[in-house]
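I've put the structures underneath this note.
One chain, chain A, appears in both complexes that follow, with chain B as partner in the first and chain C in the second.
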Partner chain A sequence: MQLFLARVIDGLSNGAAYAAIALALVLIYKATTLINFAQGSLAMLGGFVTYVFASEQGVPIWIALFISMLLSGLLAAGLERTLIRPFDPSDHLPLVIITLGLLLGIDSIAGVIWRNDPRAFPGLFPDGDVFTWGTTTLRWYDVGVIVSVLIMVALLELLLNKTKIGLAFRAVSSNLESSRLVGIKVGQTLMFGWALAAAVGTLAAVLYISSPIRQIEPTFMLRVLIFSTAAAALGGLDSIKGALIGGLIMGLLQAFFGYLSGWSKEWSWMPEIGNELNLATAFIVLLFVLLLKPAGLFGTKGIERV
Partner chain B sequence: MSLLTVTEGSPRHRTVQVVGFLIAAFVIVAIPFFFDETWEFHPPLITGSFTIGMNQILTAMAWGVAILGLNLLIGFTGQISLGHSFFVGTGAYTTGILMVDYNWSYLSTLIVVVPSCFLLGMAVGIPALRIKGLYLALVTLVLAVIFPTLVRLPGLAEWGDPPKGTRGSNGLNVDADFDPPAWFPIDGLSDFFQGLPLIGSIFGEGELGRRAPERIWTYFLALTIMIAVFWMGWNIVRSRVGRAFIAIRDNETGAAVSGVNVPLYKTLAFGLSSAFAGVGGMMYAFAIGALAPDTFGLNLAIFFVVGLVLGGVATFPGAIIGGLAIVLIPELSSQWATENTSLFGLEVTGDRPYAGVLLGAFLIAVTFLLPGGIMSGVYRLKRRLITVVPTPPKGAQIAPPSSATNADDDGSEETNPPSVNDAEPVQ
Partner chain C sequence: MALLEAHDVHAGYGPVEVLRGLDFTVEEGEVVVILGANGAGKTTTLRALSGMIATSGSFLFKGQEIVGKDPADIVRLGIAHVPQGRGTFPELSVEDNLYAGAYARNDKEIRADVESWYDAYPVLGERRTQQAGSLSGGEQQMLAVSRALMSRPELLLLDEPSLGLAPIIVKDLFAKFGELNRERGTSMLVVEQSAQLALGIANRAYVLESGSIAIEGTAEQLRNDDSIKRAYLGIEVDEAEHESHEDPADPPTDHPASPPTDHGANL
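Let's turn to the complex of A and B:
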């Protein structure tokens, strides 16, 4: 029971981080029906910028996080303007190729600058535990991550539903041509969408990496990205609520996969690679969701007209 | 206007074709003789001590075959896959295990590699019927990410006694050298190249220029397989099957209305593409001989897409150019990084991924500047140099060729490659 509870806590705190990246994917997908393969890389870069400010320059971590969210938002807006907008949004291949190029380029730039050695990341939340019960511990980090992600979702909902720019964003995501006709500045709105997604991604990366057991290195977002895409697909690629719930489900699934493999004696070979193999959970979830319910749990069902 | 205008089928046209073919054949046969006794080649005109090894050429050939497979899928059928490293890895490990643990000869492993990769590809292709575009890219991306983990699974890494399997993280070593058979005129070729006037000296001196005959023979084995695969690919694209692929790419609904069995051909495209990728992996296994799980990860899968786009989507020579690019750019940039210690005041060391920066930048630059890839530039250049005018029908008045010629090329190669930007040209 204690182990079970520990797994639940673990799963929820991981899941919250997955949810945050899934949210970033959903924002871009809503605006452009494009899956940004470079989302994880942008978030990773944001994480490193935070690291540089906080650890090397001595800026307080929350201010460092704020600065890097701003910077990654600006970078993403610039990328959207220069690399994405020239292409026809309905033709996916060049856009996939561009975002793949960004994925490769940004990951490698980070590798060139910071090399592939892991470094300690300063914690966002106080160290120590809220309570301990046998093997179950609830760290302040777990509480902090889950609460931060919930606040973020609430703020995003407010931003999208109660502000003018949010209205413009929703209009563009529902129909690009019509919103252009009614006088919405589509280009600026899309830039805003990319900036917002990158800022959310940076926050997610910092939340994930500030765990006391993790260290920052240029590849750390790859695994997160895989789980987050599965989470986004599970929740529905155009649903913010779906991203949150999908992320939490993915976190829990991953945790229980590890739980089962530790629990079953016949699977005793699993623990050593269990952590790696649970990427397969992401694959299986992704495959089944796309096959059985492509719109996801909360997504809008696509209607195809011929 | 071009420098040379010839009429299709005229003796002059034939001469141009034959001369082109001879030059290409000469270069292809001469390649293994360029390398010195340590199997390295120092490219002229480039300052610094860059070397290209025989292994890089062999790897580029293997990846070229894999990129051709990817081309069948992305370039000709219009389905995005980011997971081709999975099939390449499967082919490579199948060959490796059969050769090391079961003492099969390299060529006989094709009997297993081709059908198994074909069926695996079909298996991935069936869900791909419901999953389109971006979603498909996502699923196949995950496939690429999990391959290195699969190879390390204890059940696959070792089984039986004596142990057989992928050997997990230790890697699998395949004996890569083959003795050339007696009928192969290896000494004669070497003597011929060394005896050439003017350029003979770069082929070294003495018997075979002191090169190992096994490596030369390995090159020709790989070359034969590569030519066979390209020939098959060329025939597939020009056949009924290939026309169905292209129809699906250009307009899926239109293809279905015209009687193309869309699900069948989409799955078939996946299967064929994976089988080609498997053969690429098989070539890598027997020519390079060292297999490690992380070779076949997400990076390789992305590199294949980079190579495909750099070389030219839906072109055949583009696959080879792409294969060379994704091998040589990383190799040369890492050599550069080992030689140098600083760039613009930044510290440079050999273990940093400069190649990824370059390839990422090239990928984006090509998508913007040369959407048809390097081959589209080559075709443009070729049209500048030579124009082929179609034979006029008998008795027709011969009109002077207009400047906007519809002469594509000399008919030995391509149809017009569609650019990345307009994947749906309405023909």
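Let's turn to the complex of A and C:
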């Protein structure tokens, strides 16, 4: 029971971080119906910028985070303007290739600058535990991450559903041509979307990496991106709420996969399942979503126009 | 000064030039219809006007040159475009569609305007939370027109509003256009294949042929001129088998005589 509870806490805390990156993916998808594969790399970069400010320059961590969110938003806006906007927004393949190129480019640049040595990342939340019960521990970090992500979800829901820029977002993703005809500046809307998604991504990366058991290195977002992509697909790709639920489900699945691999060591009839295999849960989920419910749990079903 | 003056307008898609020196005017408060065969450039005219395609020549709207402006700025000057196939936001709710129509506005009467469309078309009010894509064709056309009018335009561009709709619904729709024109004074530029209905609400009409104006006159003149009727309005009878939205007022037995000129009905 204690182990089970420990796994649930683990799963929710990881899942909240997955959900946060999934939110960034959803924001871009909502406006462009495009998955930005560079989202994780941009977030990783944001994480490093936060690290540089906080650990090397001694800026308080929350201020460092805020500065990095602004910087990554500016960078993403610039990338949208220079690399994305010149292309036809309705033709996805060139855009997908550009985001893949960005992923590789940003990752290698980060590799050159920061090498692949893991470094300690300053904590965002107080050290220590809220409570401990045998092997079950609820850290302040877990509480902090989950609460932060819930606040993010609430703010983004408000932004998308109650503001004019949110309406523009949804309109652009629904019908590009009509958006222009009603006076929406499509380019500016997408640029804002990229900036917002990058800022959300940076926050997500910092939430994830500030866990006391993690260290920052240039590849740390790759795993997260895989789980987050699965989470976003499970939630429906264009739903904020879906990203949250999808992220938490992925976190829990991953945690219970670990639980299973623990059993597999004890029961001789079961082949041993290595913990490394838990990335496979992401692919299994993606596969089942695509097969059984392509619109995801909360996604907008495509409507054929009459 | 006319509300809109088009002078020597050229436009097209890539290397294909569709409009070849177009001249026409729309006066304040007028309903003007552009008739013509498929491929004559009717839709292109409207797309050029709202800034959706590269255009050269001149469109003076209220004396201001709008060629080369962004669509988002043209709608702010007072031109709203209901594109062919309606162009609603299918995944958005009816209400969000109407609010999107007021995107270019910043005043405090947007809420009241949305309500006024619910009064005008109660079915939109009943379905305000439904996705626009789930409405019937006629309801979507009402929504598209209401959405365009949410920007409070002085000139409304309507591209084939009858397309794909049942004749009885089309009749209602055109009655509504006439009413909007009389009550709000909104000028309209209508592109339409259902010539009889369109001429019924129009003040003047142009016949577009291979990208330029072939004939112009008052709606009365065009409706009553037999040779024009046969040559240009009768074209549709010829193509009745291809066009499901044909105007039922034209009996299919009324086979048109050969047109007096080489008018290129099947460009």
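The rule is simple: the second predicted complex is superposed on the first by the 292 of 306 C-alpha atoms of A that agree within 3 Å, B and C clash if a C-alpha of one lies under 4 Å from a C-alpha of the other, contacts with A are read in each partner's own complex, and residues count from 1 in each chain.
Keep in mind that, in the parts below, a residue touches a chain if its C-beta (ideal position, glycine included) is under 8 Å from a C-beta of that chain, and two chains touch if they have at least 3 such contacts.
Keep in mind it's a predicted model, so treat the numbers as computed, not measured.
In the superposition on chain A, no contact is made by A:Lys162 with either chain B or chain C.
By the document's definition of touching, of the two partners only chain B reaches A:Leu104; chain C does not.
When the shared chain is aligned, chain C comes close enough to touch A:Thr300, but chain B does not.
Of the two partner chains, chain B is the only one that A:Leu286 touches; chain C does not reach it.
Contacts of A:Asn175 after superposition: chain C is touched, whereas chain B is not reached. With both structures placed on the common chain, the touch criterion links A:Ile184 to chain C but leaves chain B unconnected. In the superposition on chain A, the residues of chain A contacting both chain B and chain C are 306. Those residues of chain C lying in contact with chain A across their complex are 50-52, 70-73, 75-76, 80-81, 83, 85-92, 96, 99-101, 103-104, 131, 133-137, 140, 147-148, 151, 164.
Only residues 164, 167-168, 170-171, 173-175, 177-186, 300, 302-306 of chain A touch chain C when the two sit together in their complex.
Here chain A touches chain B in the complex through residues 33-35, 37, 83, 86-88, 91-94, 96-98, 100-109, 111-112, 115-116, 222, 226, 229-230, 233, 269, 273, 276-277, 279-280, 282-283, 286-287, 290-291, 294, 306, going by the rule given at the top. For chain B in complex with chain A, the touching residues are 74, 78, 80, 82, 127, 130-131, 133-135, 137-139, 141-143, 145-146, 149, 152-155, 253, 298-299, 302, 305-306, 309, 349, 351-357, 359-361, 363-364, 367-368, 371, 420-424.
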